[in-house]
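Next up: the structures, one after another.
Shared between the two complexes below is chain A, which pairs with chain B and chain C, respectively.
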Partner chain A sequence: MTDATGPDKFDAPTPDNAMRMADKTNGPMLSADGTPLKKSLAKALRMQKIRALALIAPLLIFVLVSFILPIGDMLFRSVENQIVSDTMPRATEALEEWDGAGTPPEAVYEGAYYDLFFAAEQRIHTRLGSRLNYEQTGASSMFRRSGRGLDDIGELYRDQFEDLDENWDEAMPWAELMGDPEWIAEQSEWQEGDSQPEFTLREGIADILPKTAEQYENFALFQQDEEENSPLEEEPWSAVHTALYQDLAANDLSSYSGPRADMLIAADELVASPDFESLTFQQGFEEIDEDWVDPEIWRTIKLYSPDYTSGYFLNSVDMELTPDGVQPRPENERIYIMLFQRTLFMSLMITFSCILLAYPVAYLLSNLPARSANLLMILVLLPFWTSLLVRTSAWKVMLQQQGVINDVLVWIGLVADDSRLTMINNQFGTIVAMTHILLPFMILPMYSVMSTIPPTYVRAAKSLGATNWTTFWRVYFPQSIPGIGAGSILVFILSIGYYITPEIVGGNTGTFISNRIAYHISSSLNWGLAAALGAILLAVVLILYWAYDRIVGIDNVKLG
Partner chain B sequence: MKLTKTLLASTALTVAAGAVAAQDMADSMTIVSWGGAYQRSQDEAYVKPYLEEHPEVSVSWDESSNEAVARLRAMNEAGNVTWDLVDVVAADAIRLCDEGLAMEYDPDELLAEGDDGTSAEDDFGDLIVSDCYIPQIVYSTTVGYRTDLVGDTPPSDICAIFDLETYPGMRSLERRPINNMEWALYCDGVAKDEIYDVLETPEGQDQALAKLDTIKDNVVWWSAGADTPQLLADGEVIMGSTYNGRLFSLIVEQDQPVDMLWDMQVFDLDGWIIPAGLSDEALARVKDFLYFATDTQRLADQAAYISYGPARESSAPLVGQHAELGIDMAPHMPTDPANAGNTLLYNYEFWADYRDDIDAKFQSWLAQ
Partner chain C sequence: MPDTGASDAFVAFERVQKSYDGETLVVKDLNLSLPKGEFLTMLGPSGSGKTTCLMMLAGFETATNGEIKLDGVSINNIPPHKRGIGMVFQNYALFPHMTVAENLSFPLEVRKIGKSEREKKVQRALDMVEMGAFGGRRPAQMSGGQQQRIALARALVFEPELVLMDEPLGALDKQLREKMQFEITDLAHRLGITVVYVTHDQTEALTMSDRVAVFDDGRIQQLAPPDELYEAPQNSFVAQFIGENNTLEGVVKEIKGDHCIVQLDGGETIDAKPVNVSKVGERTRVSIRPERVEVDPQLGPDAHTLKATVKEFVYMGDIFRTRLQVAGNSDFVIKTRNRPDQRRLRPGEEVTIGWLTEDCRALDAG
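Take a look at the complex of A and B:
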C-alpha cells in the first residue's frame, strides 16, 4: 500500500517530521524552503504581530488622536504660561534686574513700549491683558487702552521729524535709509501675488542706528509676512520714529555719509537742539494710564514671566502666588477646596443611595421568572432612554415647593401650607435627581453578577440548616460583591464629573466642582484654571481608584 | 490696464453698496444664534427676506450662542472656524475682540446709512461698544412679579426685591454678580451714577454682598433665561429678574397673572460679530448679508416678533405691531421713553475688568 500523504514520504521537513529529521541530520532545523526553522518561525510570528497591530491600528490611532492627545494638551495648559514672555520679551528681560521696590527702571518701560507696540500691531496685546486680568483686576482695560495710547508717544517724535522734513513720514526715503539697495531693487519689481524678497538691512546701518534698525526690520518683515504689503509703500510705524529719536540722542551722526545723509544729519541737529520735545517712556505710560506707574502691575508681570507657572494650581487650591511667596487667598474668595470636598461627599452619598436602591432591584431581576424579569428590566431601562434634561426637569416639577410631592403632603395634612418642604435647589435635590439618573449604572452590573450566582448554593446552605439571613449574608452577599464594586466605581466616577443636573437642581449648596470647571471653560475663558481643576479632579479619582484596588482589590470587580 | 483698474474700483464700490456679482460670494452661511423666540425673530425679520432675494444662498443655524466664546476659541486653535456670523451679547463680543477671535470692522463701510441719512456710526452711536461689534437690539434685565401674590400694593420700584416685610416670599435672581450687585448698592442708598465707583472698592463689594445677604435665604438662583418665567408661572417665587422679552411673552402672549417693573432695568445689547479668519468668499457673503440685515427697516421689523428695542436710532419710529397679536409693540420696548425713566446702562469696561474678581467673591459668598 502506497501512502503518498504519509509524513515520512517527504524529503523536506514538515511540521510533523521536523524533529525527527533534525535528530537525524544533527544540523540546524530547516523549514520547507530551507531557511532555519527558528528564523522562519520568528518571521511568521512577526508577520502575525504586524497584522494584529494593523488590525487594531485604527482604534489605537483614534484613541490617541481623539482622546489622549486632547486631554494631554488640556492638562498642559494648567502650567503653560508662555504668553507673557512671548508678548513682552524685552520688558520681562528688563524686569529680571528689578527688585520689586518702587517704580521699575526706565529700561522696563522702554522694553514694554516696543513690546506692546508690536503686540498692538498684531492685535494680541488684549489677549495678554485678559491673561493678566486673572491675576490682577484691571489689567484687561489697561492693556486695551494702552494699545491705542502707545501711538501718542511715537507721534510726538514723528510730528517733530515731519515738521522738519516731510520725507520722514514717507515710505521710500525710510526704505532707502534702512534697506539694502539690492533688496530695494528687487522689491520695487514685486507685484501683488508673488512672494516678496525678504527684507534685509543695509550694511552698517545697524551700527549707527541700532534701535531704529531693529524696529524698522520688525516693521518691514511684519508688512511683508502678515499684511502682505510692500514696505516701499507703507509709512513706518511711530515706534520707528521713537527709536530714531533714541538713536540720534545717543549717537553723534554729523559725519554720516550714506543715502539720505542730509535728512538724517538735519534730524540729528534737531534732536540736539534745546527746542526738541521729548518725554521718558515712563511719562508716556503714565499719560496712558496712571496704574502703569504703580509697581503692582509690574510685580504681576514679573511674577508671571516664566514660561511655566504654578499659579493655576495654587488658585485651584485657594492659594495665590504673590511676590512674597505662596499665600492663602483672602477668606471671602476661597471656594475650590470646599467644592472639592462637597463633590466627594455628594458623590459618595449618591453612590451609597444607588447601592441601597439598586441591590433589591437587581436581586429581583435575577431571581424572578424570565417574563416578569424582562418587564422589570424594561422599567429599569426606560428612564435610561429618556433625555437627561427631561428627567431632571421632571424632578423639578416633583420636588419644588408648589410641586407634586408638596401638594400631596399638604393635601393629606402632613405639612402646613405655609411651611412647605424645600427639596430642590439644594443638596437634597441634587442627590435625589442624580441617584435616579445614575441608578441604571448600578443595577446593570449588579444584575449581571447576580445572575451568574448559582441558585444551588443558596439551596445547599438552606438544606444544611442555615436561616434565611445567614444564607443571604454568608453565601449570597459575598458572591454579589463584585457587582457592587463595579457599579460603585461606575456611579462614583460618573457623578464626580457631572455638571448638568447639579446646575439645574443644585441651587447654591448642591453644585459640584465641575460646574466651576464648566464656568471657567465657557464663561471666564480661564482655561488654565479649568485645566488645573480638572487635573486635580483626575488625580483624586486615580488616588481613590488606587485605594480601592488596595483595599477591595480591582480583580473583585466584574461587569458580567 | 486702465480699464481693468476702473472696473476693479467700481466693483469695490458696488461691494460697499451691498450689491455685488454673486460668483464672488460663498452660497452658504452658518449663523450662530440663541435658538427659541429670539432666533425666530431674526429668521422672520431678515434671514427669510434675504433668502428670498438670494435664492442661491442657504443658511444653516447653530444654536450655540451661549457657548460661542469658548467654541470660537477652540475652533480658532484648531485652525478651522466653521461659523460665518455669530450672535453674542456685548460682554462676549468685547472678550472675543480682545482675544483676536472677532474681526474689527468700519461701521460706515460695512453698514447701511440710516433711512434718515445719518451715517451708520452715528445711527448706532454709543451702542458700538467694541470695534468688532455690530449691535442689533437693546434688551434689558428687569423684574417681574405675580400680581396675585404680592398683596394689595404691587411693587413699583426695584428695591421691592430687598423688602421682605412688604413682600414676603421667595424671589429669583441670576446666579452671577452682574446686575445683582448694582441693584443691591442702589437699594442700599448709593447714588446711581456712583454705583460703579463704589463697586470698584473691596468695601463697596462687601456692602453689596451684605445687602444681598439680607435676602439670601429667600432667593432661588437661576442660570437659564427660562427659569424665572417658569418659577413665576408655577408660583414658586413671587418676583424674579429675567429678560424683558421673556416677561413680555409670559404676560402678553401666555396671559399669566404676572406684571413687570421697568424701574432700574439694566440695558444690555445683543448683536453680531464676524469671526476672524474667514475666507474671502465667506466674508463677502457675510458682509452682503449684514448690510441688508442691519438696515433701519430690518431692525424695526424684528420688533414685530419680540419685544426688544432696535439698536438703530432711526428704527425706533418704524416699530409697528406684533406680528400675531396685532398689538402696538412700542410700549413694550425697553427703550420706550415711558419705560426708560430710570435705567442703568451696564458698564462693559467695568465688568470686563472686575468680573473674575467679583465673581470669585460672589460664588464664595453663595456657597457659605
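Take a look at the complex of A and C:
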C-alpha cells in the first residue's frame, strides 16, 4: 500500500498509520495501538470463545459424565479380564511354567489352594467361576463346590495339630506366635468401634515360617479390615494350619526359642513323625472334583490369565479362544453373526419400507397449501405423542392370530379360520411395527428438503418438454435425495439399535442384536460379552456412517 | 405494427376468462392476438392478471373459459410439455444438480435428439449468449447475470417459435438489467422468435417491446406500440401507469372536434384534446406529460394559460425537475432540459405555464 497523499500529518497511532508502519518495516501488520494485528484479533476473539464455551459447559459436562464416561467404561469391559489374575495370583503365576500337557505341577495346585481359599473367605470365588463358565461350561459349579471343599484339606492338618495341643485352635497363642508384641499390646486395648492398630508380623517369624506368616497375615488383615474382628479373638482359618504343616515339613525348627517355642517344637516333631497324615494338594483337589485333575480347566485358566483378552470379541463373532488358537465355535453354538446379519437386514428392510411410505406423504405435505399441510403434519406427528409401548402393543392387537387384521381377513373370506396368518412374533411383525414407529423420522427430513424445492423447477422441466415422469425422475427426485439420505441414516441408525419393539413383537425370529445385549446385561450378567457386542454394533454404525459420507456426502444431508 | 386478425395470428387469446375460486375473475374477457415474430410485453401492477395469462399460455394454468390458440390450433387441452413453448423464469429455475451443459441438453434429451447433435446445439446456444466456456459449471457457481443468460439459452436451445419470459430481469441490478434488455431484444429479432414478456417495469416494457399490453384489473387497458402508449394513453390508468404524468380534474365545458375546453375544479379553464370524453358536463381527468409543459409559453392568442407557484427545484443532471402548485394541485411536475439558456426556477417564484392542446388529453375521470 502506498500513500499518494503526501506525508502523514497525524503522529498518533491510527489504523492507517499502523498499516503504513507495517508496510515500511515489512513486519507483521500492526493494530492501531501498535500490537501485532493477529495478537489483538486473538485477544478480541478469546472473550467470545470463552463465552461460547461457558454457554455449552453445563451440557458438555452432563454429556461427559452421564454418557461418554459410562459408555467408555462399558466398552472397556469388553477387553478387561483382571478377575482371573486378581483372584488367583499364585496359581496363574505357577501356570506360566506349565506347558499345558498332562496334569499341572503341584505348585499350581498349591497356589490354587491358597488363592481359592482366600477367595472363598471373601465370597468371590463364584464370580470367577461364572467368568470361566463363559469359556468352559461346568466351571461355575466346580468353583462353587470347591469353595466348601477346600476346608477339608486344612482341617486334616488342623485336627492333627489340635489333637497334639488345644492351643493350635485358639486365637491368642497364634497371635503371640505370629504377631509383634507391641501390636498385641495395642490390639488388646482395642474396643469395638475404634479403628484397629494394623497387624504387623513379629520380627524374624517370616524367615522361619514363611508360608504360615503369609497366610496368617492374610487372615489377620482380613479379620481387621473386612470382618472388623480382633485377630486376638478369632481362631485362624484352616489354610494357616496347612501352611504351618508345609513350613514344618520343609524346615527344622528344633532350635526355635521365641514365644510359644514348646508348642511349635512339639508340632515340628509331630510332623516329622511317620504317623502324621498328609496329602498333596492335587489329591485334595481331586477329592473335591474329579475335573480338577483334568488339564482342560487349567488350560482355560492359563488362557484367560492375562489382564486383557480378546475372548469376548471372539465370542461376539462366533469364534473362541482355545489352547490351540482361535477357532470357530461349534456349529450349534453360533448365534451372533446370524444376529448381526439379521439386525442389518431388518434395519435395511425397515429403512426401505420407510422410504417407500414416507416419500409420497412428504411430497404431498410439501405441495399442499399451508392449511391442509399443517393438518397432515399433525397427523404425521401424532404417533410422537403416544407412548412407544402403547404403539407397539397396538400392533400386537392388530397382528396377532386372533387379532383385528386376521379377523377381518377371515370375515371377508380371504383366509380360512383354521389357517390364520402368523404376523406377529416374527420378522414380519417387527418390520411392520418398527416401520410404523420410525416413519416420522423419515417423513420430517424428507419434508424439510422437499419444501425447499421451488415449484418452478417442475414447471421449467415441463416447459422444456419433459413428461411428468421425466420431470419427476430427472429434476425433482435428484433434488430430494438429500432428504432421503438424511431420513435413511436417521431411521437406519435408530433401528439398528432398537430394543423395545423387537422385544415385544419379535418373538424368536424377529429379535435384534440389541435384545441379546440386553439379555447379557440383565440376565446372564456377562457384561464383557455385552460390551463387546455393543462395541461391534457401534463400530458397524460408524463404518456405515463413514461409507455413507464417502458415497453420498454428509454435506448433502439436510435435516431442516 | 398493425393488429392482425385472428385468422393469421400466431398466438391468440379468444374471450379468455380465469377464476381461481369460482367467485372472482382474475382475467376478464381477454382478447389478444399477436403475429409471428412479435415482441409483446404484458405490463401491469401485481395482481393485474398478466402472469396468469402467461401461465395459461404456457399450460400451467387452465383457462376457465374461452380459447387459447397457437398457430391456429386450440391448445387448451394440450399439456405444457407438448406445447413446445420456451420459457424463462424469474428466478431462472436452472436445475441445481446439473451442469450448465446438462441443463441445456435436457430439453434436447427429452426430444430424443442424438448425442452429437445435442452437443452441437448446446454449444451453439451457449455461444449465442456468450457463455461458451461455462458448459461445465454448476448454476450455483455463477452470478445472477450469467445464470440469466444460461436460462435464456436453455429456453432457446430447442428452437421454439414462441418464448415466454416471466419477469426474467427482476433479480438483476440496474446496469446489468439494461444490458440484458438490449441483448434479449436483439436476440429475439435476430432469431425471429415470438416473445411474450411479462414485467411490471414500464421502462423495460417501453424499451424492449414491439407492442405493450397494459393490464389492470384483469383486462387489457391498452394494447399499443410503446410510443403510442406513452404519448397517446387511452385512459387515465394507462396515463398514470406509464411514465410520469400530471393530472388535473375538472368538467368538460365545450367540445369542438378534437378540441375541448375543460373547467378545472379551481375555476380555471384549459384547452385539451378529448380522448375519453363524449359530452359536455362530463367529469374528466386531464393528463399532461411533464416535459410537454412550457413555462412562459409563446402560444396563440386563444390559448389558455395557468398561473403557477414554484414549490421545489431539483437539479438532476440532464434535466431539471420543478414541482409547481397549479390549480390547487401541488404535485404538478415539469421537466426541462439542461440547456445553457434554460431558466432555473426558484421556489416561491410565480410563473405562467401552458401547453399545446394535443399534448393535454382529457381522459375518463378514473
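Note that in this section the second predicted complex is superposed on the first by the 506 of 560 C-alpha atoms of A that agree within 3 Å, B and C clash if a C-alpha of one lies under 4 Å from a C-alpha of the other, contacts with A are read in each partner's own complex, and residues count from 1 in each chain.
Throughout what follows, contacts are C-beta pairs under 8 Å (C-beta built on N, C-alpha and C of every residue); 3 or more make two chains touch, one makes a residue touch a chain.
Just so it is clear, the model here is predicted, and its values are computed rather than measured.
When the two structures are aligned on the shared chain, A:Thr509 is found in touch with chain B, with no touch to chain C. In the superposition on chain A, A:Val475 makes contact with chain C only, while chain B stays out of contact range.
Residue contacts after overlaying the shared chain place A:Ala460 against chain C, while chain B stays out of touching range.
When the two complexes are overlaid on their common chain A, residue A:Gly138 makes contact with chain B while staying clear of chain C. In the superposed model, A:Leu542 lies in contact with neither chain B nor chain C.
Among chain B and chain C, the chain that touches a larger number of residues in chain A is B.
The part of chain B that touches chain A in the complex is made up of residues 66-67, 69-70, 73, 95, 97-100, 104, 170, 175, 206, 220-221, 223, 234-236, 349, 352-357, 359-361, 363-367.
Every residue of chain A that touches chain C in the complex is listed here, in rising order: 454, 456-457, 459-468, 470-471, 474-475, 478-479.
On the side of chain A, the complex with chain B involves touching residues 123-124, 126-127, 129-130, 133-134, 137-141, 144, 332-335, 338-339, 400-403, 425, 503-504, 507-509, 511, 516, 521-527. Listed in rising order, the residues of chain C touching chain A in the complex are 58-60, 79-87, 89-91, 93-97, 106-107, 110-111, 154-155, 158, 164.
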